[in-house]
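Starting off with a structure, shown below.
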Amino acid sequence: MSSKDVGFITMGDARSDGEVQPIGVGMLGYAFMGKAHSNAYKTLAYMTWPPPLMPRLVAIAGRDEEGVAEAARRYGFEGYVTDWKALVADERVQLFDNSGPNNLHAEPTIAAAEAGKHVICEKPLGRDADESHETWQRVAATGVKHMCAFNYRFVPAVRLARQLIEAGELGEIQHFRGSYLQEWGTTEGNIWRFDKALAGSGALGDLGAHVIDLARYLVGEIEAVSAMTATFQPGREVDDAVESVVAFENGAVGTIEASRFCQGRKNHFAWEINGSKGSLAFDLERINELEHSEGNAGFRTVLVSEADHPFWEHWWPQGHMIGWEHTFVHELHHLLTAIRDDGDIAPHGATLEDGYRAAEVCDAMLRSAQGGGRETVSYR
Amino acid sequence: MSSKDVGFITMGDARSDGEVQPIGVGMLGYAFMGKAHSNAYKTLAYMTWPPPLMPRLVAIAGRDEEGVAEAARRYGFEGYVTDWKALVADERVQLFDNSGPNNLHAEPTIAAAEAGKHVICEKPLGRDADESHETWQRVAATGVKHMCAFNYRFVPAVRLARQLIEAGELGEIQHFRGSYLQEWGTTEGNIWRFDKALAGSGALGDLGAHVIDLARYLVGEIEAVSAMTATFQPGREVDDAVESVVAFENGAVGTIEASRFCQGRKNHFAWEINGSKGSLAFDLERINELEHSEGNAGFRTVLVSEADHPFWEHWWPQGHMIGWEHTFVHELHHLLTAIRDDGDIAPHGATLEDGYRAAEVCDAMLRSAQGGGRETVSYR
Amino acid sequence: MSSKDVGFITMGDARSDGEVQPIGVGMLGYAFMGKAHSNAYKTLAYMTWPPPLMPRLVAIAGRDEEGVAEAARRYGFEGYVTDWKALVADERVQLFDNSGPNNLHAEPTIAAAEAGKHVICEKPLGRDADESHETWQRVAATGVKHMCAFNYRFVPAVRLARQLIEAGELGEIQHFRGSYLQEWGTTEGNIWRFDKALAGSGALGDLGAHVIDLARYLVGEIEAVSAMTATFQPGREVDDAVESVVAFENGAVGTIEASRFCQGRKNHFAWEINGSKGSLAFDLERINELEHSEGNAGFRTVLVSEADHPFWEHWWPQGHMIGWEHTFVHELHHLLTAIRDDGDIAPHGATLEDGYRAAEVCDAMLRSAQGGGRETVSYR
Amino acid sequence: MSSKDVGFITMGDARSDGEVQPIGVGMLGYAFMGKAHSNAYKTLAYMTWPPPLMPRLVAIAGRDEEGVAEAARRYGFEGYVTDWKALVADERVQLFDNSGPNNLHAEPTIAAAEAGKHVICEKPLGRDADESHETWQRVAATGVKHMCAFNYRFVPAVRLARQLIEAGELGEIQHFRGSYLQEWGTTEGNIWRFDKALAGSGALGDLGAHVIDLARYLVGEIEAVSAMTATFQPGREVDDAVESVVAFENGAVGTIEASRFCQGRKNHFAWEINGSKGSLAFDLERINELEHSEGNAGFRTVLVSEADHPFWEHWWPQGHMIGWEHTFVHELHHLLTAIRDDGDIAPHGATLEDGYRAAEVCDAMLRSAQGGGRETVSYR
């Protein structure tokens, strides 16, 4: 008996109209971030149904042919290249996804944009403010959509925090204290994150940049910083930890901290915001929870998983928690929507300008750490 | 310039050998569980790389043609059918995935197995122990692989708990207390979960069965129960809550509870196990955490996310938490591995026998609730 | 220079009027509970200023002369006796405080009341319902004030819970689940708590009675129970654990559990109440906190330490937490107020009737555990 | 029948030998701190039995006669004075307890010491480093015992942390982050804590000094600071918040923060210490808990309430939590022991030198906040 005999309808028949438009994706990098972005393209295709655009995974680039071929096979790319310039030259690629290491952010991202492709680039945008500024400026000049992959803006609890703050639920904001703490700093070996030439900085650009971006997203621009850095591991070039006090343009003050030397803290990106009408607190290790004190009533654990919570139209009944990787689903959904509609990445997505601004704050922290003085953050 | 000119390698070229064998999947149901299972097949294809078998989504069945067609399109099934018998008849289908409502568990699952297809069936296996027993017996007689989708066995923290218990870390077990609490019991409307003919029971089969299965998986067989049930909503046929004390064969005693009338509890499946050498505690709302008291040292929060934790070889660096939906990735990976290797589903996966045994405990609870006496659980 | 020269005013001069009336206290027992009660009399004298009556610690009774003499000296009693009958006979004693072991509850308490003294007796009131009933009846017949020392009614968070429930904040109550878990059950030695003749029961009367009393205080009368007990330690006469389901007169159902075999649980008396409009949860190990979900909003941690919280008029600025021992301060303050004003102990204080009623529920649990059937609780 | 007839033994008879030596206490101040210290003297008399010395509450000083007379009556002082100089002149006073406001710390404390009385003075020792230095120097010159009332050194969890650190359990320390957050900063009215002339500083001296003291007690001397302050309330003279990064002599870096503008934070003095072998974390709102990650094992909640935990020989069975006020019991017990034995206050008690050193760090923070530069802390 053939399948037709019992009423099998093939989607070839069924899919004849109402199709979602495709978008060709070329990706640079297939390690941690490449895996996270690939998963997100594949997941958003059905979880955010109908997706704004249907990702077509055209090709992935990496220097090691065996590795990149395996990644292409694994994630379902149509092919691979060993030179990212091939992605830039490929007419099928409309979106260039830069998931490579920090030293490969600027040149490929600029080249892709100048070839007319929309770009998303992992954070930190550049290894310093200069490189970040040039990347932003040259990409922005092309008119393509551009995004810096500060994915924690796309945590449902973070977006909910932003909504509450915008709605005035916190009143005037007086404090932000954010720390991003991990524990693997004693890892031996020559990984690129410890190489100043490749990474630019250590915990600061890797972890601190996330804290700075959320501080800007949730509270506002940072006006001044005073910082110290520490390198605990002998022989290491980059900072293992950065400690900073910060003053915001709106009068709030607080602390920003990042460290890879905090035993027991696996991925502890925690922040608290205090305003005249209430407080919010968050910890990435409990990614689905937001603590909210309405006025001085005490902190309520909001399980951010209800139908009307940010991004939850895509997921499950309440209380069926989602994972870290889905921040990328939300992020890329936002990007594809902006591409489809010629809409804005900002304010909820980070643009390359946001990437640059975070870098400017990072540089101010390094200057303060080196010189000892309070540094004003000024944007070019 | 063509892509070839810059070194584009197509996977057609690259994929010539080392391919993973495919397995044709036919799915019944496209609502909550259908979505969860579909997502898992698609995700495991690259996240558990290389997958044991490569799922080929042949067809999905549902009575509403518009709905099932949309689901097929969304999840990428090759086609759809409006009569599940077409799946059973389809030679391309090697694995029958029953994600339908409780009243559609027995007949299609039996038919599929008798047609030589491996089967996975959502829980509760049947609407009562009789139906569950027959389903198990008839499926087992066919020799196919069979699984009852008690997905919480595949939470990394639950598997870790099992490992610790098997290793003797808890010593002799004295207590199990488990409750599965939700809050939506006042929902109006004629959903199938409130219809005795379709669902069999209320909170008991829906939520309590999960508690019973984990009690059996972690502690052992239940020997006797004393229970009460309550129906709070006027006019409802099924139980809104069940409360039970339980005695295990190994001498442990405890409580099992399920309710849909617990305001503020979104998906609170929490259990605690006390043994002579230590205790473990878990809450599904914090799915990535396991609380462990070694001896009487006090409870340590284990963030179950490290490279050597169960299932974490598939995921991310530590502290980058996964979501509820990935329990299905692990479950189906387990099933596909057993099919590929002609291996065992038990003890880590639940078989239909486990589905039947949970039903036998549920029935004993209902008998106790009705008759008032302590009921012995006896398996046929 | 004498102190007078620089303006020293002695309280002899200053204290001439407005004095608080004294009340003579005679105490039986100087171990754990004797220490707790003694501390409370001394503390309430100034912390609840002005106290309703000023405790005068007349005498303390104990069989071991060296021990009781030391206790008298330590706590500032005016004297001691080695036979409790001396307290009953002592005209200076107006309040008889029975902090002795369970087997010394009935006779001395009855004798003291029949000698016209107000009485407070530690819980459980008697070793079974019969003894408890007789104690209550004979004491009540005398017309003195009588209290059963269920001190957890006097935890600020518990009182606040009662206030919220009385104000209708939880709506109709559907569930109570309470457990009192400790870990010292493997303790060797012949302590009186393991001796059935002295203690009456094990974890049930020691810990379970507290759970039962709060269930009654917060939810209402218990109508029926089904229970199991376990004795894990070889050779022990009394229960090490009790597990029960309970049905309340108002239709709520739930669980009550007590165990001394829960590693890592130091003094974990935790309960949760779910109602149609919200939920409350409490854990004695975090004695100053009450978890409150208003509707389904999620649980807010109320730090019960604000000026308008129960009993906090006596203490410190908010957030300066009080300890377990101060439950006795509140309890005895309540008792002294009732004595001074000829007011009622109930409903916030437990009377000997409450002590009896808890014993009736305990007995029903034991009958159910032995006979296997559901037991109705009926009060005489 | 007289009490003698039934064997009443008066303590006059029983107390003839083995008596604890008395020590006369004169106290300045009867508000928040006066209440806390009075309670501690009265409680330690029997809870730390036998106390090192038996406090005799000779007299209490305050300017408002009605208020101080009431306090004397309430707490059982033998008399009162309206001029603290009378306490200094009183020969019965051997220990001068300065619980007054900041502007009354220096002169009375110096005068009492120069009159040969041991002294304990509330924190901050002086309104600035100069005043604190002079107070310390002049008191130290007299040879009396002197203590600065940094009571949080006497939290059992804090002492346990010190023990663990001293035993090398944390290895080399890399980080300290401490914040003391309260929410009452918008309080109107002219309370002395907002008056620069009386208080010296705002949140810094009130709350920040506690953080600084514990940082020094647990980690070591602070070498450099960079700070910002904020005054949110219009017209207020003192800081409402201080934010600082700190570098320790041993190479650790971190943050210190204090604020009165954190809605929902009642008395949130929280700190975390990260070392090469593990981490510790504490929150005063859960005063009986210490979080400890041994290596990277994850944080274990130690309920600091066991028989071998610091100070617990004085209290209750495990899990029966103590309150904030008992930090003073431990502190004064420590002081009386040092007086009795001519022992050392340091290292576990804070001396006036510690009070001065905290003030030096506070002043460095203020200089940094004003000047913008990193400030080295140098002790005179």
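Read from first to last, the chains carry the letters A, B, C and D; within each, the first residue is number 1.
Keep in mind that, in the parts below, a contact is a pair of C-beta atoms (placed from the backbone, for glycine too) under 8 Å apart; a residue touches a chain by one contact, two chains touch by 3 or more.
Because the structure is a prediction, the values reported are computed rather than measured.
Contact with both chain A and chain D is made by B, C. Compared with chain A, the chain whose C-alpha mean position is the greatest distance off is C. If you average the CA atoms of chain B and of chain C, the two centres end up 45 Å from each other. The distance from the centre of chain A to the centre of chain C, each centre being the mean of the chain's C-alpha atoms, comes to 55 Å.
Remark: chain A and chain B have CA centroids separated by 33 Å (rounded to whole angstrom). For chain B, residues that reach two or more other chains under the stated contact definition are 265-266, 297-299, 303. Those residues of chain C that touch chain A in the shared complex are 297-303. On the side of chain D, the complex with chain C involves touching residues 1, 3, 5-11, 14-15, 32, 36, 38-39, 42-43, 46-47, 49-50, 59, 69, 72-83, 85-86, 89-92, 182, 265-268, 284-288, 303, 305-306, 316-326.
Of all residues in chain B, only 174-175, 177, 179, 181, 183, 186, 224, 226-230, 232, 241, 243-247, 251, 253-255, 257, 259, 261-266, 272, 274-279, 293, 295-299, 368, 372-374 touch chain C in the complex they form.
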